[in-house]
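Here chain A shows up in two complexes: once beside chain B, once beside chain C.
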Partner chain A sequence: MSNIRDMMRSFELFQPTELEGALTLLREYGSDAWVLSGGMDTFDWLKDRAKQPRVVVDLGGLEELRGISEGDDGGLLIGARTTITEVATHPEVIRRYRLLAEAADMVATPQIRNQGTLGGNLAQDTRCWYYRSGWPCYRAGGNTCYANTPTSINREHGIFEADRCVAVSPSDTAPALVALDARMVVSSHRSERIVDAADFFITPGTDITRMTVLHPGEILVAVQIPERWAGKTFYFEKVADRQAWDFALASVASALELSGGLIQDARIVMGGVSPRPLRMRRVEETIVGRALDDETIEAAGAVAADGARPLRFNQYKLSLTRNLVKRAIREATA
Partner chain B sequence: MEIALRVNGQERTGDIEPRRLLIHFIRGDLGLTGSHVGCDTTSCGACTVLLDGSPVKSCTLFAVQANGSEIKTVEGLMQDGELDPIQAAFKEEHGLQCGFCTPGMMLTAAELLDRNPSPSEDDIRWALSGNICRCTGYVNIVKAVQAAAPAKSEPVATGSEA
Partner chain C sequence: MSENHKVIGKDFPLKDLEAKVTGRARFTEDFRVEGMAFAKLLLSPMPRARVRQIDATAALAMEGVLGILTADELDIVSTDGVRQGVIESAGERVLTNEPFYQGQPVAAIAAVDEDAAAEAIDRLRVDYEILPFVLDPLESLRPGGRNARDEGNVYDGQSLRDLKWTPADMEAIDRGGWPLDPEYTSSWEKGDLAAAFAAADLIIEEPIYHQSVTHHPLEPRSALAYWQNGKLYLHCSTQSIAQMKRRKAADMQIEEEDFVLISQYCGGGFGSKNEGVPTDLIPALLSRKLGGRPVMLRVTRDEESAFGRARPGLQGFVRLGFRSNGRIAGIDLSLVLDSGPIRSQGDHSSFANYASLQYQPEAMRFRGITVATNTPPRGAQQAPGGFPMVTMMEPLMGRAARELGLDRLELMRINAPRGAASYGPQEAYITGSFAPEAIDRARELFRWEEKKQLSGQTNGSKVTGIGAALTTYGAGDIEFDGLLVIRPDGRLTVHQGIGNLGCHSVIDTARAAAEVLSQPWEEVDVVWGDTSRGAPWSSRQGGTRTTHAHTRANHAAAMDARRKLQEIAARDLGGSADSYEVDAGRVYRLDSPGTGMTLGRAAERAIELGGRYDGHELPEDIDAMTVAGARLLVGQGLMGVAKDNYGRDGSTYSFVVGLCHLELDRETGVIEVKEYLAVADCGTIMNPRGLQGQLLGGGTRGMSVVRFEKWAYDPQWGINANHRLYTAKPVTILDVPTTMDWAALDIPDPQTPVGAKGVAESTIGGGGGALIDAVADALGGRVPQRRPLTPDIILSMLEGFGTGHRPLQTHA
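Now for the complex of A and B:
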């Protein structure tokens, strides 16, 4: 529970230059190994000594994980080591998947976007400060949640899908990629598997110690974005206390397919309100097949916060959720 | 671990522990103390250096990650005894008060001007959003960046948001 900054515990460093080598190291060291990509999630943990890995595997030398290329099915393939800046400024991302470019541009600050990678932004741990300060909570393997007591400061915590832990998914790019029906390419020494973005992120009910399906020994190597939503109608908004740098109090990413005056298909996904980027399926079901008009938007807002369970200091997230969902439909643009 | 990198155009080497932060290598091992340690939490930007041309926070980078790269610190801005235009503009426009954030501000701004020779006030404020000025001297900082821009845009209105 102590915060000793600056001098982190020493570790053994490996800097593999091929994915195969990295995966072999992770197989060998298992949960003793810490995977370092851009480092934006890593350094706080190590400086605070809240995590003290024996081995650090630096993926910085894996050029094969970097870059944006055409996917097999008309979409894009983005290597996990591609920086957030590269994602936000890439002409094809902007042209086809503006939703992702806008979300990436809202991540933190310029330096962090230059250093941080897409894979790291997706696989990052939650920002619950009780947990990140090293308190022995459920997520850290303990038997209580410090963020959900009568005196807890939980303004930033979740209103959906809590199960003992009330922490939220902090990523800005994750809601956008779930809305785009992206798929995650996950490699281990044994095999490669492809996981739908919506299934890549998990809730405490599935495993309270992890935010994603990644097991020790696995690396997120790439993100596939299918052609499905290319050039459709999008909206992204991030609400935070500051205009830059902050994590989202709540964010929304929407992708709409409009034709014949009707919403033919929709993805509405929120960040910052649940342990995972949350597909608002009741909202989607409410609006698909209807005209994009005030009545539809009001109906969407009316069901958006159904099932929410606010904590003492985050009741504002109920109206924030309803309003963000309504804006994500009303103000979506092609 | 042995590392070799170019800092302000000079080949530099070191034999360091993997956990040594780049900022500590630059300040402690190379003696280049122009880059500052502010928050040590990737927030304030006082430790900003250019890594292969891009602004990064050197408190959140191991020196070994910068092995083989090209680093520019504030000491590298001055050329042949002449202040860089961004340095001259910070001096002329009073773009600093205590000066602690200034090295990071100038390096971030220099990279912006490389990319965008006529940035708007919004462009400048967005580009500098990872650099915090504890004296809150942002108006003059933005003025300085506009004054240094190779193709000048509209001047900043005085008395706008501090």
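Now for the complex of A and C:
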């Protein structure tokens, strides 16, 4: 660990104006390079010297990654550099994918939403306080998890999908995009690939040092939202200690397709309880094909926390998971 | 009362408003001095250690690095090599080789710029011997429990000694109760406690808890210092100019006249910047080492969280006996105070005193013990002792009212102090309480009868809670000095030695002088924040002392000036001094208003006359600091200068009633505060807008502490999780009630000339206490024991599962 906090170490800063240039730089510098978008995740790391990149590639000049436009399949294409405020307030996002607009509107504060980008919100690292304090945990390349001991301070940590690391995905927009079956456009110097949102986020079992599939040299350049869920029935809720400037203790995003009094299809995704935005497939299986009534809602709640393994200080997340899942069905609106 | 005044009680544009909103106001970090170097600190990375060696070779070899300061260099050694003492502040080392908490400063490096200084700190190689530590006072009291320091674990005065409770004592706590008769270090009792409880119709017994919380001033305590012609110039962030100057001059072991302190704006302190902390001295010490070169230390949020002080936590047990009419028969209070590793605080004793005043019990016992832990040093934080008392006791009053079938406010009123009520073990008494009147006003304004019908009503998953709290705190000091000058241009300049904390008393207390001299507010200037411009000896701007202390002091100085105006007029225009009045910028004969002179002309005459009129001669009873300040102003006009000798019979206290309406979501544990009302008994209103800010701002801060703020420490490693502002979680604007209102009785205190009392400390308990009481109401009378009331705590109560904490476990 560094002797000092709150004071960035000098680095070489590149500010490319074209994507191609940015990707070339990332190829050249590999794991020595840090990708900077809005900086809302970055600066804590750099100020505390817990991350000390030699090179920072600032994507701020890449106008081509900014903006919201019509997608090829009738959905929307959102550039990764689009600010969270722009996502939250864009008329087409509100009209067709209110779920995403509401989730974006719950991010942090107006100032952070003005500066932070959608790509940054999705690709941000976990907020486990041990990890972010620079402790040499599994995720940081060490050989232990400080948050998962009998005495650890782990109120904010996960109850699902722990694998050595118990940190959670902090993003507010990620559960909404997983629920909308979004796809992530990932570019590197040589290629571009499209990854389903549900697969974009990974668990420690896949790679304990990363939260997403992004490798050094790759950039998330855009998010595609298919037409599939446009205008359907949605619900988003974030439970946090404070109503602003806080990360979710748990959040839920739901997208329901209702017809003939039945739930024809559903996506229920939770944030803040797992290393990735967690699709509640058991819940979805329970409710699809059933009437949206109290019995169905109770059945969903009954299975919502199946498989969860609470830590010492986060047993409440079991209740929160059950209750939020029920609300995400009961209070979803078109 | 304000209708009888020309200046007091009126809304005027704030005199420092323009500077603040335009950015012209300069805080410490805004200053730049030619040749200024920057300092950075090495903080202890562990909660307790011993520094075996610091290898600074690589650091000092860096380009731009000017020097290092270590604990070894703070020893004061005589020419024959004998250690005479050490540069420290109130017993706390500026730098240390034996850190007692994570974040305690170990060394400092100065360099030509901040990057170089930081890099040099990173290149220090420090060999630490890791020592055992303890975070939780109850763990330290356990048999075999660790001590925070070698000297012991329990404060006896400011000394430490070893004290452990018995296994049986600790078993009682582990079972969720409290031991019968463990050893304490302070106690008092009055009345027949056994008889009081025997006569009680209801007894409530509860473990009680309050967390330690950092002050979180928005402006960290940065400092800039340089030496010039043998004088030390220190720019810093302080609440209290005069008090800080005296403290720091003593710490540096220099004469006050060789020390200039500059701090015109202070971005929050909440008690933590009363007299500063030892790190304020580091730039001065480095500057001295560098031959007087200016050195700036910009304190970061991480550092502010580490050494910027914190409120002591409390763990304890209370037994309350009530008669059927709600009257409190007995209070039996046991408190363990977490005072950190440096100094003993008195919050538990204050807690007891405030409880005895607020509830006027027939009998009461207090027993307390102060324990050292390896957590940051504690200090006064808004309403020390008083705020925890309200937030821990008032919800139990709500529970008692519920169990006795009484109205909550009626129970509050029947116990509230009236008039010159007594308190504490020595039967001290106050100047006057109008708390019952404040309760009545609050009942009316809040439409209490209507609102309490909402209690327990549900709307979907939400349930309504209605809560109330009475809160009190000391409201003023006496016997400080006032200093003012009427200048030849007719303007009145009031010099202040208090700080500009943002609560505006630095300006508002000058109204007392303007009122005495009938000076229009537009023609009053206030000088503050720079001791080279003349500052009188003043109270701390903390502990709600200032409004009371300096309306009196400025009143006294203005009376002195008024008398001098009358004397000058009588001398020049004939008649006796008593036949002259001062009003509307003139001093004139009462029986011949056309016979008089302007204040400007009188000021010219004062300069001509010299002597006591223009400050050449000064009163003998004023403080040496006031003398020094006055000498800077000699000959500039007619000087008013005096000590507050008005006297006082009793101690001064203010009261605030807070009422709260909230909804609690039973599925998520989230609280939404819908409405808050604060009503104050704080004497004459000086500044209505300022008072509104105090009442509602303080109430909001109280809600913040009880809802969001805490420390979390990993118990295995002793490292803090909340060193960032976003992880410490002070309240945000979206958490503030949508409806907030206030009122004040505006009844003058009978023991002070202007009638004004301070109110700041009392405001915080109104918000925090009423909120917890309302949460308990929403929970059907179950009082949450843990703080803060985050969703996990509320959900655990609603659904009956454990939170994971041991009984009364702290810092988790």
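Just so we're on the same page, the second predicted complex is superposed on the first by the 330 of 334 C-alpha atoms of A that agree within 3 Å, B and C clash if a C-alpha of one lies under 4 Å from a C-alpha of the other, contacts with A are read in each partner's own complex, and residues count from 1 in each chain.
Here, a residue touches a chain if its C-beta (ideal position, glycine included) is under 8 Å from a C-beta of that chain, and two chains touch if they have at least 3 such contacts.
Treat the numbers as computed from the prediction; the structure is a model and nothing was measured.
Enquirer: Output check: A:G60 vs chain B and chain C. Expected answer is one of first, second, both, neither. What do you get?
Expert: First partner only.
Enquirer: Taking the superposition as given, does A:Q315 touch the first partner, chain B, the second, chain C, both, or neither?
Expert: Second partner only.
Enquirer: Just to be sure I read the superposition right, which of the two partners does A:T109 touch: chain B = first, chain C = second, or both, or neither?
Expert: In the superposition, A:T109 contacts both chain B and chain C.
Enquirer: First (chain B), second (chain C), both or neither: which does A:R290 touch?
Expert: Once the two structures are laid over each other on A, A:R290 reaches no partner at all.
Enquirer: In the overlay, answer first, second, both or neither for which of chain B and chain C A:S10 touches.
Expert: Once the two structures are laid over each other on A, A:S10 reaches both partners.
Enquirer: Contacts for A:S152 in the overlay, against chain B (first) and chain C (second): which applies, first, second, both or neither?
Expert: A:S152 sits against chain C, while chain B stays out of touch.
Enquirer: Which partner does A:D44 contact after superposing on A: first (chain B), second (chain C), both, neither?
Expert: both
Enquirer: Using the touch definition from the top, say if A:L249 reaches chain B (first), chain C (second), both or neither.
Expert: In the superposition, A:L249 contacts chain C only.
Enquirer: Any idea whether chain B or chain C touches more of chain A?
Expert: C
Enquirer: Same chain A residues contacting chain B and chain C, which ones?
Expert: On chain A, the residues that contact chain B in one structure and chain C in the other are 5-7, 9-10, 44, 109, 243-245.
Enquirer: Name, in rising order, each residue of chain C that touches chain A in their complex.
Expert: 40, 42, 45, 114-115, 118-119, 121-122, 124, 126, 300-303, 461, 667-670, 707-708, 712-717, 719, 721, 723-724, 726-727, 729, 731-735, 788, 790-792, 795-796, 799, 801-805, 812
Enquirer: Would you mind writing out the residues of chain B in touch with chain A in their complex?
Expert: Where chain B meets chain A, its residues are 1, 17-19, 40-43, 45, 48, 51, 54-57, 59-62, 64-65, 108, 126-127, 129-130.
Enquirer: Can you check the complex and tell me which residues of chain A touch chain B?
Expert: Residues 5-13, 15, 39-40, 43-44, 46-47, 56, 58, 60, 85, 108-112, 114-115, 243-245.
Enquirer: In the complex formed with chain C, which residues of chain A make contact?
Expert: 1-7, 9-10, 44, 48-49, 109, 129-130, 133, 146, 149, 151-153, 155, 237, 239, 241-246, 249, 312-316, 319-320, 323-324, 326-327
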